[in-house]
């Protein structure tokens, strides 16, 4: 998974800090403080209790580091690694109080991000025989976008637009307010910066035909079934001009994704990768 | 839902700020800036596309407020309200640029929190005929605990411990490191502050019997099926001393919860309420 | 003092950062910059100029660490240690500019926290022959609660409630607004989370008798003298039901505390531990 | 008290935010949420329970504002006002939940700052017949310097240096490291910025005589009794050159201050104004 | 200037807060506090002392708002407006202390941003007869990028890439490390997200010819004079495939820009727009 | 340059964090992530492309440290060093991804600060034969004051007032609002803290004569040419009382500065040092 970025520490530190603050309250781990001797040390094992793809390890490492830099966390299965039940994904050694204090926050990051990576990998596997790619959306958990987008990458997906400022997406509301798709596109063509991509959402094939002459970089085909998508691909193939990337979106699920991917489109974007992934079960155990 | 707290603004502002920062990047909404006239105003409607319980409205309101205090957001279905598909849950009116800029962040909060409230309400409904109550755990999304715990309340559940510092929970790791359940409990009894509750996790009925004489406030019965729980209740009923609250936990799901609740226990705590709830679908539409 | 927690660094870093910012202004230590060569190093000694109990050392260590991680600070008398005039409590070695730059902030933390620990230890000594314990309140210096509560622990006291969210305390205002002590208690009994303690404040013995049947975990006996407290203890002893922890509060001082403690109550909570402790004198000297 | 500054809101907001965060934990005021109806409103009164000078009102107002901007707080006795027991110093009206949620934090600010103002005013009164003025030091509570310096102003004192960067103070450590008072002063004279004041600490009259030719703006006479101070004044009066401001410092208390002030010095600086002031008792009551 | 974005307040608030903190120190405006009565009000005028284009007004407005929301600032010449010496660009009315306290910070924002807008407009005017556009780079003042990019827009320029994460730019270092321009481009073509633009920097015409078959969206022609640029345009015109946007960069100045623009290229990017603009003189005067 | 301060890390960390955040967006360096192998390391060289004085190195070092503490940055030409074209000023070695990720931010700090140091050094050289000194003003880039003042020091200049709170400067607006220069000065004399310097701005020689009897520490002679300044010096020389420091200000440039300095004044303050310095060109190269 060589293209997996190491996120800059400054990008993820604020959300880890928030997470630690909310778990420590004013006094930290009152249970451990009363039961665990200050100097006690131990070695514990992060173990997978499920089958899937790991993600969120960078946040877990940083969580321990922010609590206690003397804790040693060795990653055995980094982000993007496939694991099965019982696999040790990391070993952590140091002050018991520190190990316990950071446990829940580290597990919450790992469980959520590995859940996203695992779900993504299931979609990716279902369409591996086509040229289509799976992409996330901006429907991410507030404050966790960088981590969740990276989890999608770990699962074999693509990130799509990261923020409102790094690409232009003309949606139905914009088209309505701008007075039609042609007005919207011509306004964009004249004014958009040369370093941003332009995507336009179309609900009908008629809109698609109106959009093509403006040479948008991407056309988002919203809520179309396989038949309609196939027609869209045909229209684009027949068009004499630059070919946009074709993206399908809207209500995609594990049952429908194969049919959509086989129509010849390029990208399938799925909000559910991030907004409806469930937890991947990982535990922190005393024994390997 | 009168007991639903209005969270102090200072508690949730940091996560909203992080969410806005990640969605705006350096330049904000480049699409709207190019297409929407600066002075254009509109009225839009948050509409439910599903059946369930609303939560996250306070965060949505604050999201708009932080972007543009002149936007007027009227809440029609506040947190804890039951809605069905098509219900308008809020109206928002003001600068179109502001409405669009905050849309995704507001929807991400509403979708996630309403998903949690709705899932909680399904558990609550299944055990309404018993005395048992549903409770969340600390398995919440990093940085969003206050909002997610509140969403559980909105769905009819209980919050459980909010942080490591506001109650004592003696778990298997603590017991092992302290040298047995009796040593752990006696150490806690001598030293715990009079304002914190003490909970102890037991894996066996033998452990339960050892724990009772120390008068813990709560006993967490970990990973026990209905039969074992019934025996645990019987042991406690027969004990001559203060009765602890009995809490069941571990791998609870929508199929097993009823059987557990009918054993006579007091609390069922479920990590999945927060770590595996899926998105509740809400849209921002131009028409009612 | 094994139960003294090491506070998570993320909890105390913000107040140390504020303290450094206010002491550095825009340019840092202009005097040292003009007088002390950049490479000069020295070893200096934190010395007690008084008799009492040390606290605040964790904040002092972190203050130096945030200024200059290469400074070496060795703690000789950690939090909770008893010292007398002239005792060296820590040695600090490194760049002279760094040593001077952090001096005042470190001393301000040590002086205030050791003042609180010392005052607490005086109260604790006065009632050591009784079963009563001394506890702090929420009357702490804004922004310094975690450190001040820990200083109370260092002096042998208890922390009491850490924040508004980790226990329920029903006070006179709540009772008045809820329509009487019985209404307030029954409302709480039905709705309180199973992981929070419930305390109720009573001003009269009649209120105490009304409160007992609701089985509050703690009863706060407000502003009662020894005679009244003794009667309260007798009422509770005669009550056939769960015995609440009995806490006395209100205007306690070093003269009255012994009389109160000998009445048989469990806890004496004292705002003055934190809001009226005076500075404990510590200096940073060039010679041992 | 016309010279009392209104501190810029950005200066004091961070400490108020810290204070609120530590008091709210994750969930805010769980007691009020369970007992007080969401829409209940009330009017409460901040009343003095002691005689002295008020300070900290700006922080109290901002505390309420940050919790709930709809709360109306009317200040009757602003910072610098003299009050006696029973005086209403402010009225606050609005949502009961908001009133209670902010109560403790607001009172903690008012109690601490009024304590400092009151103590300062006692020193000021004792030396009103002399030309000497009372000044604070940098021995302030970490994070609260701006507020505590303002409280000293409210009590009739002076602020002295605000931070390490806004004036030069040559202390004994600097002198030792620079190789004597003359070397230190000549180095400063050559290099100091024209907009900063230069103060030098002397422990002996011999040092004073060495310092005068360098025309320091201020000479700090450290730990000298009245007799020695009188001799110092005489030396300065006899010196043919610019007269520095003469400041006495070191172990000043309410018994010694008068004698020091009558020696003809200009300034008496007292760490105890801020580091050893005790709480001024203020309550929030339901009735005027 | 309809496409000028209103930056989200959350994006620019942090830099304004830093600016205010550094200008206030611990105590705010000590001069105004001593000389200006607390209740004094005035109306002052921001007046241009030069000819050019205004920018930075949003930051100026927010500066006043953060100090004192009751100050009324009316903008007469918004960002992008052309002004000449003596023009009133804004009126500000309210508490004199507030007006003075925010003055320097507001002027520093306005002077810097208007300097950038004015310099940009000079470049834009010089090439208005060509199809080429002027664009900024990432050579902006640390912490001020959003404001400086917006100032370039106000002056008629384009923003270019906003951050490292919103477009791909393959530079000489990347090419060297990837093993040649063809390897670098093929690696990117396979892996880049469909929503990001790809730009590649070429130093020679030979590199340009190697790059074209990979269909990069933008080719950056680095440090080429007019003759070489004309040849580059001819090569691209003759190429049978998608035409990239052609961008010239490297050492552009007011003397050379016209010659470069007349070669047929699309974009000229200039670091000097932001890193070497000088201040635009604006004053805050008592009279119109 | 021994008097150059090492700024406390806490002072400059916030602006570096802002700078990194704006350059990383949500995902960091997408180009390097796709092209550079995760484990690739390299050694690169910061080289001067111009002749002048280096400043900003501390910020550059901290930028790398915050991204990746394992990067090794060796400074060869520290702040205040004179360099010529081709000089290697620092070597940086480590992960290529880290080197590239921090490159632009580090260069933006170095380029801006070295530009200020270099411009300052040109002014300083022009007046080296006089007793006058060059000083900066508060016309600094918002958020960068500490770094820019330090760059002025590196260039041989003085810092002047750092913030509104560390010295008193009575300007024309204050004088007008206070009712004349004499009223303003007498009000200040009575109330100013003994640790702050007092400066008064005069526009005419008549004002100067009125000001002298109040013994201001500094008189700022605003917008006066050499002749008028010479007269001002004569007036002060003839005055029988304490001599204030004489500072000239207003529209000073590289052509006029010599004439002003030769009049006998002490300080020349120049806003242009910070608000109109242009970038000093430094590159990060693969070869020495």
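Letters A, B, C, D, E and F mark the chains in the order given here, with residues in each chain numbered from 1 onward.
Assume contacts are C-beta pairs under 8 Å (C-beta built on N, C-alpha and C of every residue); 3 or more make two chains touch, one makes a residue touch a chain.
Computed from a predicted structure; not experimentally measured.
J.: If you take the chains that touch subunit B and keep only those that also touch subunit C, what is left?
T.: Touches both subunit B and subunit C: A, D, E, F.
J.: If I superpose the C-alpha trace of subunit C onto subunit F, what rotation angle comes out, expressed in steps of 5 degrees from 0 to 180?
T.: 120
J.: Distance from the CA centroid of subunit C to that of subunit D, rounded to the nearest Å?
T.: Roughly 23 Å separates the two chain centres.
J.: Return the distance between the CA-based centres of subunit C and subunit E, expressed in whole Å.
T.: That gives a centre separation of 52 Å.
J.: Could you put a whole-Å number on the gap between the CA centroids of subunit A and subunit E?
T.: Inter-chain centre distance comes to 31 Å.
J.: Multi-chain contacts in subunit B: which residues touch at least two other chains?
T.: 3, 21-22, 24-30, 34, 101, 145-146, 159, 162-163, 165-167, 191, 193, 196
J.: How is the touch graph of the chains shaped: line, ring, star, complete or other?
T.: complete
J.: Give the list of subunit B residues in touch with subunit F in this complex.
T.: Its residues touching subunit F are 21-22, 25-26.
J.: Which residues, counting only subunit D, touch subunit E once they are in their complex?
T.: My answer: residues 2-11, 145-146, 149-150, 159, 162-163, 165-166.
J.: Which residues of subunit A touch subunit C in their complex?
T.: 17, 20-21, 24-30, 33-34, 37-38, 66-68, 97, 101
J.: For the complex, which residues does subunit D have touching subunit C?
T.: 14-16, 18-19, 22-32, 34-36, 40, 42, 59, 96, 100-101, 104-105, 107-109, 111-112, 115, 138-146, 162-171, 173-174, 176-178, 184, 187-188, 191-193, 196, 271-272, 275-276, 278-279, 286
J.: Per the contact definition, I'd like the list of subunit F residues that touch subunit D in the complex.
T.: Subunit F reaches subunit D through residues 3, 133, 135, 158-163, 165-167, 191, 193-197, 199, 218, 242, 245, 247, 266-267.
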